[in-house]
Each structure stands twice: as structure tokens, then as C-alpha cells.
Amino acid sequence: TENLTLVQAVRDGLATEMERDEDVVVMGEDVGKNGGVFRATEGLYDEFGENRVIDTPLAESGIVGTAIGMAAYGLRPVAEMQFMGFIYPAFDQIVSHAARLRTRSRGRYTCPLVVRAPYGGGIRAPEHHSESTEAMFVHQPGLKVAIPSTPADAKGLLTSAIRSPDPVIFLEPKLIYRAFREEVPTESYEIPLGEAAVRREGSDISVYTWGAMTRPTLEAAENLAGEIDVEVVDLRSLSPLDEETIVDSFEKTGRAAVVHEAPKTGGLGAEIIATLQEEALLYQEAPVERITGFDTPFPLYALEDYYLPEAARIEDGIRNAVEF
Amino acid sequence: TENLTLVQAVRDGLATEMERDEDVVVMGEDVGKNGGVFRATEGLYDEFGENRVIDTPLAESGIVGTAIGMAAYGLRPVAEMQFMGFIYPAFDQIVSHAARLRTRSRGRYTCPLVVRAPYGGGIRAPEHHSESTEAMFVHQPGLKVAIPSTPADAKGLLTSAIRSPDPVIFLEPKLIYRAFREEVPTESYEIPLGEAAVRREGSDISVYTWGAMTRPTLEAAENLAGEIDVEVVDLRSLSPLDEETIVDSFEKTGRAAVVHEAPKTGGLGAEIIATLQEEALLYQEAPVERITGFDTPFPLYALEDYYLPEAARIEDGIRNAVEF
Amino acid sequence: MPREDVAEFTIESVQVLAEDETVDEELVPDLSDDQLLELYESMKRSRRLDERAIALQRRGELGTYAPAIGQEAAQVGTAFAMADGDWIVPSFREQPALLVRGTPPEQILQYALGMEEGAEIPDGEGALPPAIPVGSQPLHAVGVGWGEALQDRDNVAVTYFGDGATSEGDVYEAFNFAGVYDAQTVFVCQNNRYAISTGIEKQTKAETFAQKAIAAGIDGIRVDGNDVLGVYRVAQEAIEQARDGEPVLIEALTYRRSMHTTSDDPTAYREPEEESEWEARDPILRFQVFLEDRGLLDDETEDEIDERIESELADAIDRARTAREEVDPADMFRYVYDEMPPYLEAQLEAFEAERGGETDG
Amino acid sequence: MPREDVAEFTIESVQVLAEDETVDEELVPDLSDDQLLELYESMKRSRRLDERAIALQRRGELGTYAPAIGQEAAQVGTAFAMADGDWIVPSFREQPALLVRGTPPEQILQYALGMEEGAEIPDGEGALPPAIPVGSQPLHAVGVGWGEALQDRDNVAVTYFGDGATSEGDVYEAFNFAGVYDAQTVFVCQNNRYAISTGIEKQTKAETFAQKAIAAGIDGIRVDGNDVLGVYRVAQEAIEQARDGEPVLIEALTYRRSMHTTSDDPTAYREPEEESEWEARDPILRFQVFLEDRGLLDDETEDEIDERIESELADAIDRARTAREEVDPADMFRYVYDEMPPYLEAQLEAFEAERGGETDG
Amino acid sequence: EAETPATPEDRIFAPPRVRRMAREEGIDLAQLEGSGPGGRITAADVEAAVRGGSLEGAAQVESTEGADASAEAETTDSTGGTAVGTESATETAEAGAS
């Protein structure tokens, strides 16, 4: 193992898969010579050459659109969107093509494409650099969506994403790109898409979260320990959702909260709530709390700390659900 | 009044507002000389001239992007996307700019833009012509989203949309463009955004729906009459949602279903369920049923009747909720 | 250099067989008599398929159909110039090219019957399924052509789109990526003068569509798209150039002689005179006279061709109808992912259960 | 016309004040001595603002900042050619142009402090807020310039973007819409040779960025972007042309002398030699020598200018800091819609309630 | 099933889990008076009803209502622990008690 940050684990995951499978190509803005604006592709250009680590023109639709062609051709492109806020020019290519190539050709063509993007707030970045709109991609059939919250998961999930014969939107919580280190196996391994991780066991309430919100949620859980026994479920895979783990936890606790950065209305919290009441309504003791970003555009950074859920707000929300 | 179809009412709404306010301009692919592929702008070109009814190049981002500039400039553009499935090239302009211009400029600029698009399935159209992804737009703060289900609502909601100082995504259920006629006032009138309509009163279950699904839902309600007393709420405005009407109905009935064409996962049904349990969990007697499109790409038309919820499936869902 | 020219560009146009049947012998491509007849038959086959499909649609048997009537030379000429391993990346009006490349006519009919089966490319044929979102597919062709380059192979991808498509940013991005990365790609812009009702003068101020290549630093050339010999010649050169890593944009000047699709009524936006003018320039007619002039086509051969086409199409229609009877609605769920996730499986089960009760189950 | 040229294009390049300080007297724009000094001071003001902002960022006081060091002539020259009612539609590196158009420096600082207030354009000034998504704003400029045309007014919209931005489909769509609808718009492409780390050779195969105009049938022209007199001259002509409904693309050839933003380290991807080469071509230096040669600038004037700038900036920094203290977090909710919908009101109330308990409430 | 009152005021006011308990115990919630916040029926109310003298049980809990909300009620509820998913109920009670 190696002691890596999350972004280093991403890099490691890319390098390991590129070594294993020469059809894997990395492409995007500044991913080559510069090693990526967050250094997620650092050194890959020197290691694998310009035909496998490709600096593209500044055009997200172009990147994803050509990557779709490459994927249909037989390569396994990993396309980086420099920030999730800049994924939208490629939205049409993602939902109209990547997501549908298998269906449209009845499996004759598949689209083994990974679209990587750093997402989320908290790093004092300019406008559009802090979005998290995973819900939009989860709503699109044909896509998978994964978000790691630890270095080891980052590598394992990315490996699965690259090997997936279907397109995966892989969102990286840039707030914790370098926040902590973890022992990460040197060799290649998969963490299957579709499996959540129970980060903390608890019996009073189930709190569902993912990505950068996992840490403040765990912090809130610790702060409440003794008072409220909080189970924290890190979804990791947002599409498909691990309904089993989600529902099992709720059947145990009967109370729940969802924590996400994205705006509340239409966020993924709603889907989790809908699933819970479909599968386990009779266990429910209180409304499921949504502890989320507000229904406003993500503010410029002077206000971002007010926007993002942090431990105190999460604690309040948990208390609401428990004290109902 | 005049006896109009829904698409005629749209046309009438456009004409009435264009007469009232000369800043209103209509633009899009084939909206001018041809009067729109569904004839929603028929005759407007002759009536108002080519400077107010504009045939644009075939570029959705270009249409919405320039319309944003016009809106900032002081005009009130109504941009047509020929089908909702082709709105995605404009997605970035809509979510990154139209939705944010007011916030970004602290109200110095607003974006009084309407993006009209026929949406939904059932007309034996080619791939991409049958989508309904309203949930994605509802998730974006700064946008409003409206969907009429009757001719009179179409005109009144469209009038409100055009007069709205903020951008509105106005989705038109093309399946019922010409399905029936209704008396529509000749003069101009508004149906405020944010107000749902109870289409049928009932005491056993609240069924929430909108657009083209309103008709099969009402049909299902009639079929069940005597057995189950169904209340049908046509949301009309999806953003903002009329939480009051939604919750009031549920408090009365304690049971609910949501009917929409869009795929289930991450659809707007989830948001309605989340809202119900937040506001009225203690009234809830059964899981809220989601009667929706499947989590598959909208199929080519040979299978579309299997994909779309129809009266029989809606009845089954209602029964599930009531018999729980 | 106070004020000086730093870059110059010209757009060339090619015509081999003129409207008045004069021929530039020097430019006539090196094709055997059989090949010339094959070109002709290919154009006719597509024309007849379109005509029969329109009739079927009018009878309520088919969904929306987009005929390529008038554009046969532009497509057959280019497709004919492709080699075995080459890829075709079509939009939704590419019957003539697809037929040349090996798609059986019944598949085209199945697609128009709303069956996904119609887009299931025969194995071994390098063809992506039709792209309905206008202008979205040239990027895929660049990806394919770039893939070929990255793997040091020398097939090319040929992609088709219209005049209207060139207004989509994606098409420009495709040109630009192709240029930067020497993608082995040929772009065939069929300028048929209309995007539904919108004439080319509302589509762009550019005087040619070929010059759009200049923005990306790649070559652009115009050809009379109703001259199958000219098209073939230009395409052949372009394809060879693309094989060497130099992408080319071909503008084929043609005319959409019929409706945009069967849902469209052109009388709303264009004059019958214009349509008659272009009828006179019909690519099949022009080539027919050429073949007759050269003694390659007589009434007997013509009849043979017609009969062959008619019987092929009759069979194709039968097969498509039969296939239509056999669609399995559950297929909807089967091609979303490699492995069906549990929630989708549950939906499929519920679907099957519900249908179990129905008579058509 | 078997094989003939059907369209020809040339791209012209302009330079008035050369690197070696030779001047094309015929092309020198008709500007008063005061105006020439104003040009100079404007460039210096922006340079100093950038330098101070970088320093503040390094001390942790500012967020990400994108300096325009090296690009002052390209921006000041174009902005200076604009008239009162004209609109500026900037991207994120437009300090020099915004300062010329009247944005006070403290607003630029506030924006870099993460305050929405920094993008609140002073009333009466026709300026859209900075657009961060690369290449997205030229379409807005076309909408504005088209609006002017539709209303029969004659202001123009001038929009700024980089070499990298030209790869985005939206930028091409902007050119194309402008062409079709005679939008009163001038496009200023600052070719500073980099998009973050990506050099122009990976951005496009086109030999000039000006030629991208050809795809849209509008005029494109190149100018030495480090020659403020050349830029002014070209911009003035372009703006007048655009007033008459003929949009123009200007490519200003320049160099981003410092980092992409304060988060970037250029040593990872370019050589120091290159940077020194361009230091020698610095637009402020070149114009300073010109002014000295003409006897318009001496040490005394230079000192006056410097002092004025320093005191302005010191004030601006103070004001920005004060404003930063006064931000109201609840503002987040206030500019989403004209009227706050009930659910948002509820969120605001909850937010206020929670903050009521905090000391900084 | 279809017989439901037409106004919210006539509606039974109880969390889903309590509804399940009642169903499992064959208790008609309409016969109970809610002792929880806002008059909602709590698990304790149902349990009291199960133990016989339903109104008695409810009243007993009701007396504690003023002091503090649900925590109290829940405590009573789970210490009575009958057919409920007892484990979680107990956990909840402990948390509420602390």
C-alpha cells in the first residue's frame, strides 16, 4: 500500500488501469503536459505519451463527443471535465449519446466511457467552480454515477468505472482532494459500482451522504455520540443506488436524514426519501430530514461557508429527525 | 372566448402578448415562414414581421444564448426548442446563464426569457422526440418550469411566463396539442405560476400529475369512481411547486400517487414525495405510488405505448396505494 | 508589416458531368462499366425505397420518414468511394449511403416502423446508428477517425450531415478536433438548401459551406452534389487524404426534392417553380443520360435493374412487417446496461407481471 | 466549371507601432496628446491593479485572480475605441477593458474577494457581468448587438475572449448568428497563446484565429495586440463597421505574461526563455518609448501618473476590504427571483433563525 | 378500505410505524386519542390500547406530555416494548433518555 490523498489515488487509479489496458486513454483540457489543474493526471503524460494522455482543445462537447466515437471504436476513454460546472456544454453528448449508444444499437456498440469531474464547493473558487448536480445525471437512464469519499474508494471506484462497459460519470470531491491520506493498495482493485459503505454504525438514525459531505456528517455523528447514535451511510454509487443497504439501515433506525451539497429541490435526497417510503414506510417514525444546499445558485465564495452544510447544521437536522 | 386546441391556445397566447408588448420577440427553428413544425407560431410571421418572429440558424445554444443577450438588453424573447429532446445543446446557456443572470448581477440584469418546447411521448415520433426531463430544470435555482394540460391554461400560463421577469421553461404536451378543444378567453389573462389546479375532488387518494398525463389520470379516476374516490391535482407549475395545494390534498386523503412520463429514478415524483413526508408525514397511510416511465431511454415508437403510463397502469397504482 | 495579408484561402468547386451532359473527360473517375452501372442502380434503389416508404407512411404503416430524394448522387458517390474497413457515421437521411455500405433495406424500414432493430448494424459493418440530434454525430466520426490514427490503422470515418447541421457548434468542434489531431475523417455536408423550412440564407452568411473548414485549418471543397461522377472523384481524393491524417470537408451542392419528412409540407415555405428547376437537375436522370450516351444502358438493362429493385424491396417490406409482429416490449429493459441493475430488474418484473394479464402478452 | 475557384479569402494583419519603435505614420490614429496619455495611464492602471491583486492573493486576502499582464494594449485599445452607449461583454480576465469602461477597481477586487457585489455593474454602464464559462458570452453580445439592430439603435456590443474560447462551439455559433442577423457586434479574440497550459497548436490547426470568421461569412482581421495604436485603429474601424450591421472578428496577437490565474504555475508547461522574449515585447514599455520619443512623456508626468494610480488603488483596496466586512449572507436568497417563492422564503427564515444563534449573526 | 374522512381534521394523525403497530395489533387508531405532540398518536398510545384499557394508557402518557415532547413518550413506549422492532425502539429510547 501507499499513503495517498484522494487526488493521488485518482491518479494512481488512472495509472494502474492505463498500464493494465492499453486501450485506456486519458483526455481533457490541460491533462497532459500540465498534469491537470488539480494534478490528477500528473506524470501520466511523461509515462504514457501524448497518444494516451491527450491535451484537447477547450471544448467539452468536443471532448465527450470524440470520446464517444473512440469508445464505439473500441478504446476506453477517460475524459476529464475541468470542473463539474463546465460539464454542461457536453450535456447533450452525455445524455443523448453516451447514455443511449447501447440501447440505440441493441448492444452492438457500447460506450465504455468515464467522464471525470471535480465537483463541489468549499475551496474559495470562482463562480461555476463549486456545483454538484449529480441528480441530473442520476435521472438519465444508461448512465452510472459514482462519487468517492476516501482515497481507497477513489481508486477502487475509478477502476470499476474504467472497466465498466457502460458510461460512468465519476465525480471527485475536490474539497477533500488533499484533505487527508489513507493507505491505498498499490495493485489494481475494484470497488463495485452499486455498493454503499456504512461508515459508522448507529441505531437511532440513518444519515445518507456521499463525497465531501461524508466528513462533516461523520463529524456531526461524533459530536452527537452519547446523545444520538448515528449511522452514516456513504452511498459511493449514486446510480445505481444500493437500495438494499439504504433500506436495511432505515429499517433498523426508523429515522433518517440525507446530506448533500446540491440544492434541496429535486436533489438526490428526494429520490432516497421516495425509495425509503416505498420500501420501508412502516418503519418510518419521523420525516426524513434534508440537510442540503439552498435552492439558490451556489454563491461566490464569500458566502460559500453559509451555503454548504457543515457539522453544526447536520447536527441540527439530525436532532430534528430524532426529536420529532 | 374561442374554441381552441392547446396548440392554438399557445399561438393565441403568443399573439396576444406580442400585440400587448412590442418587446416580445419569438425566435427558433422554423417558427417564422413555416409557422413552427407544430404550427404553434402559425401566421405570426405575417402578422408581426420578420423582426419579431425570427427564423434562426439550427443551433439551440445559439438561440438561447442570443436570447439571453436580448433579454439582458431589454427585450422579452420567447425561444422555441423544436422538441424538448433538443434542448440539451442549450443546457449550459440555460443553467449557467439564464438561471443566474439576476443573481450574478444582483438584479441589475434580469432574464425575462421563455424557452418553449413541446415535450413528451405518444405521437409515434423518432428517437429523442419524446423526452420529458422537467426534473432537471426544476433542480436548477433561478428557473421556473410550467406545463399546461388544457388550452385555457396554456394561454394563461404562457402569458404569465412571458411577463415573468425571470426565465421560464415552458413545456407543451404535444400529445394533446390537438386532442381536444376548450373555450379560451380572447383577451389576455394570466394564470399565475405556482398554483396547482384540483381537476377532480376526491377523498380517498390524491393523485398528482401534469401535462399530457392529466387526461389518462382523470380517466383512471373516472374508471375507479364508486370504488375509490380519487382527487386529481394538476400541478401546472413545477417550479415553484404549489406546496400548499399539494399538502392540503394529502392531509385530506392520506394516500397519494404521482403520475409522470419521465423515468422514475430522480423524477419529479420523488420531490413531491419528499415534500409530502416533510409536511404531512403524520397523515400518511400508505407509500406514495410512483406511476411513471421506466428507467430506460424512451423507446422508439413501436414500444412507446408500453412505456407511457396509461389509464390501466394508473388504476393499478392507485389501487396499490389504497389497498396498502 | 503595417497592413499586410497574412493568410489566403480559396474554395474550389468540382463538376465532372454537367447538367447539359457535357463531361470533363480528364476528371472522369477510373471506374469500370459495371461500377458505373452499380452507381446508377444504387441511386435508383434508394429512390425507390424512399418512394415506397412514403407510400407506406401515407397508408399509416410507417412513422415519420425522411426521404433523400434528390440527394442520391451526393451520398452514393461518397459511399462508393469508401473502402471495406471504413466507417460510416450517418444522420437520419442517409438511405442512399447506408444501402451502398450494406445496410439491408428492411432495416431501414424497421427503423421507420419505430423498431430499435432497424438501427442494429450488421456485424462487421462499420456504421454507427442514425443520429437524430442534428450535428451531433460528426464528433463521433472524429473519435473513430482519431482512434484509427491512434492505433496506426488506416481506415477512415465518413460522416454525413446537412447544411443546417453546420450551424451547430458541435459540427465546428468536430472540424476543429479533426484538424488538431489529424483524425482520419471525411465530413460530407449535403447542402440541400433547406433545414426543414429554413433556407440556407438564414443558416449562415458564408457564401459556401465548404469554407467552414477554414476555421479549423482543414481543407474544404465544393462539388456539384447532383453529379455522381464529380462526387465520387472528390470523395475518393478526400478519403485518400484523410487516410493520411488530413481531414476534409466536402460540400455537396444538392437539393432536397421532396418533403423534409413525411410530417412536413414544403408548399408552406417554397415555390413549386424552384422544385421544378431542381427536378430538371435530378442526379439520377443526369447519370442515366450519361450512361445511355456511353452505350452502357439500354431499355433492357434498365428493366432488369428495375425488376431487381422492385423484388428486393417487396421482400424487404415483407420481412420488415414480419419483424414488426415479433417485437418484444421487454427489450426496452435489456439494452440499458450490460448488467441489469436490481431496480431495473424489478421494473421489468413488474412490467412482465402486468403484461402477463394482457392478451397480447 | 469542371474545377474552379468559387471563393477567395484573405486575412490581413495590422501593426502601427512596431517592436523596434518604428511607426507607420499613415496609420497612426487621430488621437490627441491627452488621449494618448490616457491610453498609457489606462494600461498602467490595470497592470498595477493586477500586481497588487496578485500580492493580496499571495497573502491570502483574495481568491483566485486572473491577471491580464501583457494584454493591456489588446484590451485598452479596443475599449478606448468604444462610444458611450456601447456594451462590453467580458470574460474573466478583462480588467484593462473594464477599467477603461468605468468599472471602479474596488469592484474588481470585490469580485476577487468572492463578493457578488463585484459583478454589480454601475447603473448606466452597458456591461454584462464576467462570464466564467469559457466561450459562453459572445452569444450574449450577439443578442445585445442584435437587439440594438432590431430597435434601430446604433450602439455596438464588444465582447472579449481568448484563443482557447474559440474552440467552444458557442463561439462559432455566435459568429454565425451575428453574420446572419447583422448583429452590431465586435468580437475581440485575445490570442495570448495559451489556454491555461494548452498552447495554440493544440487549440486549432488554423494558422490564424482571425480566419475563424470566414466560417460565418463575417470579416476577420488580425492585429499586433501589443501595439495599442494598431489595436485602437483596427477596433475603431471594426466598431464603425459593426454599427452598420457588419460584425467583425479581431484577433489581437498578444501574450499572457504571467500565470493563468493565481492557482497556476506556468513553469510546468512553458520555458522561461519564451517569457523573456515576450517581456521585451511588453505593450506598456513599447508605448512608453513611443510617448517619450514624441515628447509626450517625461519623468515628471510618469511620476504623476504612478502616484495617481497608487493612491486610487490604495483607496480601492480599502473600500473593498470594508465592503467585505459588510456582506450579508442572506443576500444569497434575494436575487434568485424577482419575488421570493414560499419555499425559498422558508429556507431563508430557517437560515436566519439558525444564524440568529450565532455570534456573527 | 375506501372509507376515509374528507377533511384533514377528521384524519388519524400518526407516524407510519405507529400505524403498522396498530395494524399488527388489530387496534383501530380511530378509537384512540393521540397523546403526542399536536395530538398525534404515539407508539405508547397503541401499546396502552393493547394492554387493555386503551384510554387509560393514553391518558397515562398524556400526563407526561407537558414536560417534554416525544422523547418522554418514546421512552414510555419502548420500555413497554412488545411487538415492535424492539431493538431499534430501545436504542431510540436510550438516546432520547440521555
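In this document, chain identifiers A, B, C, D and E correspond to the written order of the chains, with residue numbering beginning at 1 in each.
Just so we're on the same page, contacts are C-beta pairs under 8 Å (C-beta built on N, C-alpha and C of every residue); 3 or more make two chains touch, one makes a residue touch a chain.
Only a predicted model underlies this, so the values are computations on that prediction, with no experimental measurement involved.
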| item | value |
| --- | --- |
| If a chain touches chain A and chain C alike, it appears here | B, D |
| Interchain contact steps from chain C to chain E (minimum; 1 if touching) | 2 |
| Most widely separated chain from chain C, with each centre as the mean of CA atoms | E |
| Centre-of-Cα separation between chain D and chain B, whole angstrom | 40 |
| Between chain D and chain A, distance of the C-alpha-averaged centres to the nearest whole Å | 35 |
| Residues within chain C bordering two or more other chains | 116, 133, 167-170, 173, 176, 180, 202-204, 331, 336, 343 |
| Numbers and ranges of chain E residues touching at least 2 other chains | 15-16, 19 |
| Numbers and ranges of chain A residues touching at least 2 other chains | 56-57, 59, 61-62, 85, 88-89, 92, 96, 103-104, 127-128, 141-142, 241, 265, 277, 281, 284, 286, 294-297 |
| Pairs of chains satisfying the touch condition | A-B, A-C, A-D, A-E, B-C, B-D, B-E, C-D |
| Contact footprint of chain A on chain B as seen in their complex | 61, 85, 88-89, 91-92, 95-96, 99-100, 103-104, 127-128, 133, 135-136, 138-142, 239, 241, 262-263, 265-271, 273-274, 277-278, 281, 284, 286-288, 290, 294-297 |
| Of chain B, residues touching chain C in the complex | 29-30, 32-35, 37, 55-62, 85-86, 88-89, 124-129, 264-265, 294-297, 299-304, 306-307, 313, 316 |
| Residues of chain C defined as touching chain D within the complex | 1-16, 24, 26-27, 167-173, 176, 179-180, 201-208, 210-218, 222 |
| Residues of chain C that touch chain B when the two form their complex | 63-64, 92, 111, 113-116, 118, 132-135, 164-165, 167-170, 195-198, 202-204, 263-264, 268-269, 324, 327, 329, 331-333, 336, 343-344, 347, 351, 354-355 |
| List of chain E residues in touch with chain B within their complex | 1-2, 4-8, 11-16, 19, 38, 40 |
